[in-house]
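You will see two complexes here that share subunit A, one where it goes with subunit B and one where it goes with subunit C.
Coming up: the complex of A and B.
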């Protein structure tokens, strides 16, 4: 066997497996997106099996774009949720990474505590937050608001001061089960889970920051803030870009959280909408799937370019 | 962070206290879940038992008796373990070949492998269901879940291994070749001992990802191969009558993994950024 055949043979299984994994289901999605294909239809039973005779051209795409009122809402909501999560995780991640990038007692323990949310199963994350923390009656949310109301009530009995507090309204806990607020709930729980990821990456990157440059800046009398803006942020530019894009790709396919938090209350993103279509209208589900692929690819191209650049050095 | 000459007492106390506060806030939900798992369902929603309560193991016993916990846990262990093993079995040779015998296509192959990871799973939801149910007859089998988990994680595993292998000095391999060591000998006696740490943490991380996977494991199973993700999703108790039980199941499902995760923080960075952040 020549010097080059064996290495090639060694990577063949991996390449073949991934090729099949990528091409077969995606090919089917593309095919289904161009035909009429529904799971239940008494009037047109021929539509219930995938068949090239049911060719519909771009009909499914048109249906999804123009006739289904949910599509644009789902796209908007996906972008809103992903965007909010990214802004919050990057801001929090930067602040916390800088905060713990110094030596202090118990730093190792602080790191362990901070990283833990990242390993929590998404399904548990969602169930835990929506029930035990955010529930307006029984969750911590409700308990805290109740407690505050109790305190205010108590203060009303005080002479003089009581007059002031009697003007206060009864506080109402926010319910996170409406369409809009459950999107906030999803943002909160995913931010909680992914901020550790941002912290970890920024922290790793901060450790390779040029200390001599920093010391020079201090000698020149640069303030902590201007050091952060002029030295640290440029140093972190690439990690920030990577954190943004990896999260964009992961969160565009957010599913378990949406499913658990907002089943049936109208808060949907693209994957959830696909799931809804897939209960009957496979053609529309497939067309929506292709849109999701396009959306993800827009981000992926940028990410892959950055990774490709750093690959060989 | 900064080698300041005169650190004031204020910043010596303030920043560490702030860091600890932030850490505790972040850990709080997990702490809360573990704490609640030792309360009865009735106590769990009563403010007066918020912190002080009589701990009970009732929820854990109940979970084993009524929720069929072991079956789901066993499925999670089986699928995650075998998927990790299979991923390494396919991934190690591939990463090895690409790191030590790169061709001019290696970079493109690596990038392409990664791009498979970026396809939104939902886009191929129905085809996967259709294929596994109607054509292959694999729906709700361990075999299917193992294969799917492997394929999902294969790109990440290959990337992580590739980064580790690349750090091994080529000279060592060359020296081995001069001595007439076979390629298997090369892997067994030279590369594996050197990359052992990297290999172990790659496996660990792969296992964690398999364990936490919640899209395919939920969609492609019903009973036989259903994992813990499915158990949690099926018992998402809309009203908080079952906080105690819910917490117990959740704690049992995430506890071991969170602890495992503590051991591979460093590798996580490389694994998740595909070597682009060092």
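Coming up: the complex of A and C.
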């Protein structure tokens, strides 16, 4: 037995298990995506059992791409939501991590508080935001707008100044469940939840930043900004890459927030579209699933090309 | 020590034997709303009496639907009894997924409200027994209409309703004229919108099952709905369904609310009055009809025990059991299923909405007609309806928030519905 055989043999069960775990569902999805398969149909009962006789080639794909309502909208939304969340969390995470990197009284406490949103469950996060903060009548959003309107109303009674405020329009609270805004609501709540993750990663790597280099830079008269751009950012390249990769993987499959905010109205992504098809049309749901796999791969390749380098260096 | 253990064992064994002689365990999937949750407690008496142990799985409406549909469609056999609604019962009965229900004469089948029974039957056979039923009605604040000098009548015209909403609308004081459903979902905004469309003479499908969402009746109805709710409704209506509006109403923020009759038993503000749903003069009416019912999946090994339990849980005795239960009482009895419930003096004494509710249910017409060639009032009892309903629901929410014009939203709805129906092999 060569030196390699034994370890390979010992790995085999785990690898096989993983393969079965992955390949069986993927294989079934591919199979379902090429046949007619619905849960219930009174006209064509034969479609309700998955069977090779119901083969329809690329029919499901055609239906999803050209006939169903929201496919391209969902693809667009998937990319838009993931992209916005990544940009916001990295920017906020960097800023906050650098801010709390210096020592000040109560730092430990502040750090714990900053990280705590990450431990809130996604569904709870969504319910909290949409009902208590963003609701235009009973939530903070509505209360603030109401309060402002009240203040402006009061100011109108002032002499002179009142003339100015009488031109002030009555403010209307924004509804975050509307078609136009629901995607932003999802972005806001997921950003709130995931910024702590970025902070956590950046904070730990900032602690390994070379202080001597920084002192040298200060002696050379470098400004705080140029220190940040030329020393801190390159130092954080790898953690930033990790934060982007992990978040891209997680947020491509967002579901709970979308369901709770507006049930896919205006913020539908691919996983949500799959869920909608799966209420009856398993064939179309499977075809959409394959598209989601393709999209995830495109994003992965794209990300690896751009930021993979900083991981490999 | 040893003797204690042995005798304990012996006792357990004896006890086990005694039970296993007729031990049946029923697994019941229920929707997690008040009446069904109460049943878990009331049914303790049933277990004590018959020895049948009950295993409850309470799920949120959407989750329940998914679970029960896939379990029943694939013959999974997880549940002995399932909670289904009026949309599913006739279709699943036709597909042979659930067993027909025939009960003895003491059950008094004719006591079940005819509209409810028709909605849960396929070709005259009942496939699911109603636990409670509901229709829709106007629930308005009498104090506010009086102050505004308007009246709301039974089966009022939509123009009058809009006038009353406008008169009560006073957002500066936090009162909105009309609170109506806007949250997308086939059982949410579409339940209400479909009743409006029905009353304007529109329908979901024509006789050949081609969708008819691009008709003038739909356009008129949706324009009216968007106008009413957009101008005299609370901000953020596109996120409001039953629970959200109930919260607003109980905060005193709504002048009127047109929704499920079951809401009446949860209203805590003073001065609520009831009226039959408005109508634009169409015989299909503007009342919806819904029931949560219990059914037995075909091929359940405990089918007989399951049917016996359903017979008890949907009987007159059950209503008595809830009314006399120390934890509940007559205000909490399930309604909308039996005429006899409304005849009970104890119930009448605590339920001011009883008469309006029964009238609303009785006037609802789920059967297929020339105007509406499918079964169901605020839905169509076909397996594809949830998919069609969700697609249209989102377009209607977009029209409500002004993201799309009513015309565009209806055109998009029509083409989406058309794609789904032709994909399903109807034409």
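Heads up, the rule we're going with is that the second predicted complex is superposed on the first by the 278 of 313 C-alpha atoms of A that agree within 3 Å, B and C clash if a C-alpha of one lies under 4 Å from a C-alpha of the other, contacts with A are read in each partner's own complex, and residues count from 1 in each chain.
The working rule: a residue touches a chain if its C-beta (ideal position, glycine included) is under 8 Å from a C-beta of that chain, and two chains touch if they have at least 3 such contacts.
A quick note: this is a predicted structure, and the numbers were derived from the prediction, not measured.
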item: Per-residue touch tally on subunit A - higher for subunit B or for subunit C; value: B
item: First, second, both or neither for A:201, with subunit B first and subunit C second; value: first
item: Which of subunit B and subunit C A:262 touches, first, second, both or neither; value: second
item: Touching partner for A:38 - first (subunit B), second (subunit C), both, neither; value: second
item: Touched partner set for A:28, first subunit B, second subunit C, both or neither; value: first
item: Contacts of A:68 with subunit B and subunit C, given as first, second, both or neither; value: second
item: First (subunit B), second (subunit C), both or neither touched by A:147; value: first
item: Partner chain(s) touched by A:138 [first = subunit B, second = subunit C, both, neither]; value: both
item: Common ground on subunit A, meaning residues reached by subunit C in one complex and by subunit B in the other; value: 130, 135, 137-138, 146, 278
item: Parts of subunit C lying in touch with subunit A, wherever the complex brings them together; value: 65-66, 69-70, 73, 91-92, 94-95, 97, 174, 183-185, 234-239, 247-248, 251, 253, 382-384, 386-387, 390-391, 393-394, 397-398, 401-404, 412, 415-416, 419-420, 423-426
item: Subunit B - residues contacting subunit A, complex; value: 1-4, 15-16, 18-20, 22-24, 26-27, 29-30, 32-33, 36, 45, 47, 50, 90-91, 93-94, 96-98, 100-101, 103, 107, 109-111, 113-116, 118-131, 150-151, 154-155, 158, 183, 208, 211-212, 214-215, 218, 228-229, 232-233, 235-237, 239-240, 243, 246-247, 250, 253-254, 257-258, 260-262, 265-266, 268-269, 272-278
item: Contact footprint of subunit B on subunit A as seen in their complex; value: 3-4, 6-8, 10-11, 13-15, 17-18, 21-22, 24-26, 28-29, 32, 50, 96, 98-102, 104-107, 109-124, 126-133, 135, 137-140, 143, 146-147, 192, 195-197, 200-201, 204-206, 208, 211, 214-215, 218, 224, 227, 238-239, 242, 246, 249, 252-253, 255-256, 259-260, 270-272, 274-275, 278, 282, 285-286, 289-290, 292-293, 295-297, 299-300, 303-304, 306-308, 310-312
item: Subunit C-facing residues of subunit A, complex; value: 38-45, 47-48, 63, 67-70, 130, 135-138, 142, 146, 172-173, 175-180, 261-266, 268, 276-281, 284
